[in-house]
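Two complexes come next, and they have one chain in common, subunit A, joined by subunit B in the first and subunit C in the second.
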Partner chain A sequence: MIAPHFPVLQVVLPLLAAPIMVLLRSGRVAWVLATVVSWAALGIALSLLAQVADGSVVSYAIGSWPPPWGIEYRIDRVNAFLLVLVSLIASVVVVYSRASVAAEVPREQHYLFYTMYALCLAGLLGIAATGDGFNLFVFLEISSLSSYVLIALGRDRRALMASYQYLIMGTIGATFIVIGVGLLYLMTGTLNLADMASRLPQVTETRSVLAALAFLTVGISLKLALFPLHLWLPNAYAYAPSAVTAFLAATATKVSVYVLLRFYYSVFGESRVFSALPMGEILLVLSLGAMFIASTVAVFQHDLKRMFAYSSVAQIGYITLGVSLDSATGLTAGIVHLFNHALTKGALFLLLGSFALRLGAVKFENIGGIARVMPVTSFGIVLGGLSLIGIPGTVGFVSKWYLVLAAFDRGAWWLALLIVLSSLLALIYVWRFVEAAYFREPDETVAKLKEAPAEMLVPAWLMVGACIYFGLDTGLTVGGASQAAAELLRSGR
Partner chain B sequence: MSNLLAHPGALLIAGAVGLIVLRGRVRTAVALIVPLVALYVAWQVPDGIAAQARFLDYEIAPFAGDKLSRLFAIIFAIMVFGGALFALNQTKALELPAAFLYGGSAIGVAFAGDLITVFVFWEIMAIGSTLVVWSAGGRSAYRASLRYLMIHLLGGVLLMAGIAGHVAEFGSIAFGSMTLDSPAHWLILAGFLINAGAPPLSAWLPDAYPEASWSGMVFLSAFTTKTAVYVLLRGFPGTELLLYIGLFMIFYGIVYALLENDMRRILAYSIVNQVGFMVAGVGIGTEMALNGSAAHAFTHIIYKALLLMSAGSVLLMTGKSKCTDLGGLFQSMPLTAACGIIGALSISSFPLTSGFVSKSMISQAAVDEHMLYIWILLAAASAGVFLHAGIKFPWFVFFQKDSGMRPPDPPLNMRLAMLLFSALCIVLGVFPGPLYELLPYEVRFVPYTGAHVVTQLQLLLFSGLAFFVMLNYLRRTPTITLDVDWVYRRLLPPLCAAAASGLSRLGETFSAAASALSSRLVAALHQHHGPEGVLARTWPTGSMALWVMVLLLAYLLFYYL
Partner chain C sequence: MTPGATILLALAVPVAGAVLIALAHRSPNLRETITLATAGLLFLLVASLAPRVADGGRPALTLLEVMPGLALKFAVEPLGMLFALVASGLWIVNSLYSIGYMRGNEEAHQTRFYVCFAGALASTIGIAFSGNLLTLFVFYEALTLITYPLVTHHGTPEAVRAGRVYLGLLVGTSIAFLLVAIVWTWYVAGSIDFAPGGILRGKTSNAMMGVLLALFVFGIGKAAVMPVHRWLPAAMVAPTPVSALLHAVAVVKAGVFSVLKIVVYVFGVDAIAGLKSVDWLPFIAGFTIIAASIIALRSDNLKRRLAYSTVSQLSYVVLAAALLTPLSVIGAALHLAAHAFGKITLFFAAGAIYTAAHKTEVSQLDGIGRRMPWTMGAFAIGALSMIGLPPSAGFISKWYILQGAMASEQWNAVVIIAASTLLNAGYFLPIVYRAFLVAPPASEHHHHGEAPWTMVVALTFTALATVIMFFFPDVPLALARQLAEGR
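Showing the complex of A and B:
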């Protein structure tokens, strides 16, 4: 009875939970509510994924207004995969956040934190679920505005500045996206993405459509922190509360990648973006820039959170590299890395949160010998780091394997070589951690530390475990990704 | 799954875990029994695929056997046993487990039926061997182990890219023979060759191995390079390029070993030299040559381990490893000296030792293929081996001047290990039949013909002649203590001396240039990528926004053109 409403319930539950939290003004209740809605969203997402697994599409008309006049929620294998990812990360992070937030955010702001968390989740799920161009923009703004607040809650005063910069850049990005959607509306007279796709061929050669593509590309690139538009990201990730960093790093940029894929493949169509325009080449160059430059910057960082933030920029480069190769394998690699990197970075930032809980600032100079007092956390970071490098048996290897395969499919063996060489840079910055944590003598502050509480370690290690599990059993991830890739390539025809 | 339990490599890796946990007598028992069980199991592995699994989209065969893989697995297991026996009194607790991991993964490569499994064990091997170097302790071992790891991971990523390319091109993951017709295969070959110690990256081997402990280097000498020989035998038999790479390695090893003063570095260069013979054999590519390479890998593991055990014993008992500091040790370490001499004779392919029955196959293959120049070069190289490893090592360490040191022979377990491997060297040399049985192809070769023996003896005697004639000349003036500089200046022809100083100057210039270049590179990287660099500092919001506009305009420009 309730099942037909799943596509909208997914979004509405966290959206409604937010005002209730504000009204109740209790941090504890807010946390319980946030946990409940996150797990409910995960349950719904899983059932939706099961529904569309056979390739069918679930279309839900809001208020029973049939599309294209009303707002349509449209779930296919691409966004069902993403919905599961986002709600999964949210469910794990929310469990973790109680202890972490208690330490990092003033008590009277706790309920606001969870309100914003629920709103952010609603926004991200909304972006993924909706089939309407303007609705997409609205949810993008909901998720962005709430994430600005979440970042500003960080205890470092620079968090305010970081949040402000992200606000300016994010708003520019959102504006560009709405301009792009507006131009498309102008040309096609519809906001429904599927409808838009069917009408675009008649006006495809016009400059307005090209301008729309340019605005959308730049706007979305800003949101997904594609090099060189990543400049807001390192500070935002470094100064946000640990739980927020983990949540945003694992979901926000990934949802933006989804938006990019949706517009490129489902709306404009693969041939218009990649064959008629040099989009593949541009994306390729920017991705390589991200992979090498951001990784090299990461090598020189003093602050671990910033280091892994730059590593995120580099890893996003791998995702867009897969997209730029414009093939089924490349797209599969990109999508699978989207999932895999979310797990890896989620795990890493959650574990860094354990350090932050005990230490405050997580800099290389003050984590010397920390593996002796916090062995569980440290070993988790090592495993996550191995996944970043792409050691066999971790998810990172799976992504890299398909990327290299896609590069060879295109006959670009030099590109394959660059991909694997860039992983040596990841090795260097992961090694810096290993050296500091394992091979240095702990100083007095470190020697007195205790291991993080179980309620933080268990969620973090769930993610670490997932990094290993999905590195061995790739049926779900690679299978899901290749189906999603096939769906995207088909929808563009 | 149950088949995987009978995987000798998995057994050794499980043994490594046991060695970390256990202490005392139980640990000793595990260290000795597990390799023997692995040896037995390796012997029993049947032909064909013994275990299958699914990984990514492929049916992988992590456990598959044939004659070639059994041969290498058997010698690796023997080596782990001998090495463990030798290293029982090693106080560095990490070394033995690391060596088990290392040897187990080498066996894993030998039984890998597909390229992904090869890659996985390849990487574990890199980690295991790094740990062996690192466990020696101390700053320089730590730094050496990092350099070593970097080189091997570089080899690993080349290999991975190549494997992915192979799969993309041919759709098959099976590990079979390949030809150099696609970039993917070049990458795979490059990955393999880095582990073999081939140019231009040969230097990792003499750089890292001598940093290991007295027992660690025994393990290191056996697995990495010989696994590389194994994969070359399986993947690239008959690739002509390998012939020239092998010849280069042979002479590189000889020249640098002759210039070297540290006994373990001499032996490290000599590994490159010996692997060069095997690689050249792979390059010749006939059944005889491939058999020869495989057999030579087998015998080389034993005699090189024996030489390093002898050198390791000296290092342990005296704490010194420079030839100039050593000498005259035969008086108090007779057993070590005798075993070292047996190893030295084997590496020089003296008749009735194991080196003779294997290396002569490679030379014979060159003869069979009418490769005259190759044969001459191989023969000249044999003389060179005799000079640098066959005479130089035992002479300077055990005889020469009297250093005054009177250390006793090493503890019982180390003596037993040396005796075991000495016995193997001689038994294989006298009765090569069982070894020939194990080789991948049918052996139609008789080592002990008059011609073979006489040729080899002539070669050895004449190359030894120079040494001994000079020696007698020295003995006539007993007031002169034999100094290593003196030997270099007088013993070798002046030409060689000139070449030596030239080479070492060249080497110094190169390494100075390389370190200057790398520090300048790091400085340049730091300037732009470091925390205050333009690529990493926090930008004003306005400039960020400017970038957004620039990008938008660029896109519009691209689209409208």
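Showing the complex of A and C:
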């Protein structure tokens, strides 16, 4: 009875929970509500994934207005995979956030935090689920605006500045996206993405469509922090509350990558974007820039959160690199890495949150010898770091394997070498942590620290465990990604 | 018990041992009993597979499918059998030695030491029994990571710096070259299983074969072919039992084992014999043999001298593999075992000298043989084996390598082996001479005897093994022959 409404329900639940939280003004109730809607969204996403696993598409007409006139929610194997990822991360982070937020956010703002958290989740799930261009923009704004607030809640005063910076850049991005969608609407007379795709061939050669592609590319690249449009990201990640950093790092940029894929493959079509235009080459160069330059910058950071933020920019480069190769293997590699990196960075930022809980600022000069007093957290960061490097047995290895394979597929052995060489930069910055945490003598502050509470360690280690598990059993991740890649390539024909 | 279950147990026993050792951290006696029991049990399990492999059986086990078509997979072939036998057998002796050394020198973090050691052995068995390149790679990286805490055991700035070189070179080369080589192999051959006769025949051009071989040889940093050998001398900062079992046996042998296995089972000896694109390898190996010997000759620090001797001896195996003849492949496999017995004896002796007399330099060893006759006697036997003189195991392996070189008329290799024999004599015999024939310095008042008895027992045993392998080389020889016949 309720199952047919699943595609919209997962978005509506957190969306409705938000005003209730504001009305009740209780941090504790808000947390319970946020937890319930996150887990409900996860359950719904899993059931949707099961429904579309055979390759079918679930189409849901909002208000029973049939598409293309009404808003359509359209779930296929591509976004079902993403919905599971986003709601899974949200469910884990929300459990973690209670203790972390209690320490990092003033008490009277707790209910506000969870309100924004629920709105952000609703926005991200909405972007993933919708099949309507304008609706997508609306949810993009919902998730963006709520994430500006979430970042600004950080206890460091620089969080305000970071949030403002992100607001400016994010708004430019969103404006570009709405201009792009508007141009497409102008040319095709429809906002439904599938409908748009079927009408585009008649107007392909016009300058307006080209302009739409350009606006969308730049706008989405801003949101997904593609090098060199990543400038908002390091500060935003560094100064946001720990739970927010983990949540955004694992979901927000990933959803933006999905939007890019959706427009490139399902709306414009692969041949138009990659064969007629040099988008592949442009993406390739920018991805390489991200992989090498952002990783190099990461090596020289003093603040661990900033360091891993720059690492995120680099890792996003791997995702877009896979996309730029424009092949089934490349796309699979990109999507697998999207999932794998979400797990890895989610785990790392959650664990850094344990340090933040005990220490405040997580800088290299403060964490000397911290592995002696917080061994569980420290070892988790080492495992997450190994995944960033791409050591076998972790998810990072699986990503790297497929990326290198995709490079060989294109006959680009030099690219294979560049991919592995850039991952060695990760070895350097991860080992900076190892040497600081394990080999330096703890100072007086560090020596008195205690390990983080279990309610933070368990969610964080669940993610670490997932990094290992999906590194050894890739049936779900590689299987899901290759199906999604096939679906995208098919839809672009 | 099925062979598959035995393989699984051989991997699980050291892991379980590591957990138990960690749990027993409050009681050193219990902890060390567990170490010895684990080592003994592991050797029994490995040895129980030997008769089957010697009869031509190939016990196999597929654990789980990591990626579509790519599984964690084990298959015991003669070379892996030999390597596993050597590593697990010497672990027992080494554990006995470690107890004496770690207690004698009052080392800190002993529990971590034994835990990592057990983990290192589990990884070594994984490498030895690996059935495809993916499995080899997984355990290869695991071995690097689990030995890192052993290298940096003392936690001094010097140890941390050495750890950087160790990890940077081993992980760096393996990810930058080995991983690329494995994916490339998978891409062109559609398989990464080890198979008799190789899997690359006819799959790619001859020139590409050469490039691929280079990626493998330099990607396997553990084989310490110059210029990726620097991690090995750096690793000498570790406690001596680590240098003895890991950096003379398990880790370095994992390197040359991988090279030999890849040449035999991925490329196929017949498939690349005579190819112009691979004939650079004997020269690189030959250069490493000579250059490392010269550095060893000039090193006064005993462990550093032994380390460069290891670099040189490892390239014997690479050279023998690169000669691409059945006889030299037999020699390569035998040298893997022969060098292990000889070099662990030498390191045991160096550690015993350090523990009993606190001496680390060759120039301090005048007359020490009078106080430590067992230790220096064993050292002399180990030195004979390094030089390749009877009655020691090193003679046999060198004999086969030389035969292979002569049979295929590769005279360069013959010259290199002859020259290096002289160099080996040049840096080992003076130590023996000093120890026994030079009078101790008159200024010395420090009275000491032999090291703790467990250490003396251990080094006597390995010295005996070096001699026994000379008189009774049947088991290693039978396994090596199977390897060379491409079974």
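Everything that follows uses one rule, which is that the second predicted complex is superposed on the first by the 493 of 493 C-alpha atoms of A that agree within 3 Å, B and C clash if a C-alpha of one lies under 4 Å from a C-alpha of the other, contacts with A are read in each partner's own complex, and residues count from 1 in each chain.
Definition applied: a contact is a pair of C-beta atoms (placed from the backbone, for glycine too) under 8 Å apart; a residue touches a chain by one contact, two chains touch by 3 or more.
Keep in mind the model is a prediction, meaning the values are calculated, not measured.
When both complexes are superposed on subunit A, subunit B and subunit C clash. In the superposition on chain A, A:T35 makes contact with neither subunit B nor subunit C. In the superposed model, A:L386 makes contact with subunit C only, not with subunit B. Touch criterion met: A:V218 reaches subunit B, while subunit C stays clear of it.
By the touch criterion stated above, A:Q109 is placed in contact with neither subunit B nor subunit C.
Which of subunit B and subunit C touches more residues of subunit A: that partner is B.
Legend: residue contacts after superposition of the two complexes on their common chain; A:T296 is shown touching subunit B, with no touch to subunit C.
Within the superposed three-chain model, A:S59 lies out of touch with both subunit B and subunit C [touch as defined at top].
In the superposition on chain A, A:A416 makes contact with both subunit B and subunit C. Annotation: subunit A residues 391-393, 398, 400-401, 404-405, 408-409, 413, 416-417, 420-421, 423-424, 427, 431, 439, 472, 474, 478 touch subunit B in one complex and subunit C in the other. Partner subunit C is touched in their complex by these residues of subunit A: 386, 389-393, 398, 400-401, 404-405, 408-409, 413, 416-417, 420-421, 423-424, 427, 431, 435, 439, 471-475, 478-479. Residues 64-68, 72, 134, 137-138, 141-142, 145, 152, 155, 160, 164, 167-168, 171-172, 175-176, 179-180, 183-184, 186-187 of subunit C are the ones touching subunit A in the complex. Residues of subunit B that touch subunit A in their complex: 55-57, 116, 119-120, 123, 142, 146, 150, 153-154, 157-158, 160-161, 164-165, 167-169, 183-184, 187, 525-526, 529-531, 533, 535-536, 538-539, 541, 544-545, 547-548, 551-552, 555-556, 558-560. Considering their complex, residues 164-165, 168-169, 172-173, 176, 207, 210-211, 213-215, 217-218, 221-222, 228-229, 231-232, 234-235, 277-278, 282, 293, 296-297, 299-302, 310, 391-393, 398, 400-401, 404-405, 407-409, 413, 416-417, 419-421, 423-424, 427, 431, 439, 472, 474, 478 of subunit A touch subunit B.
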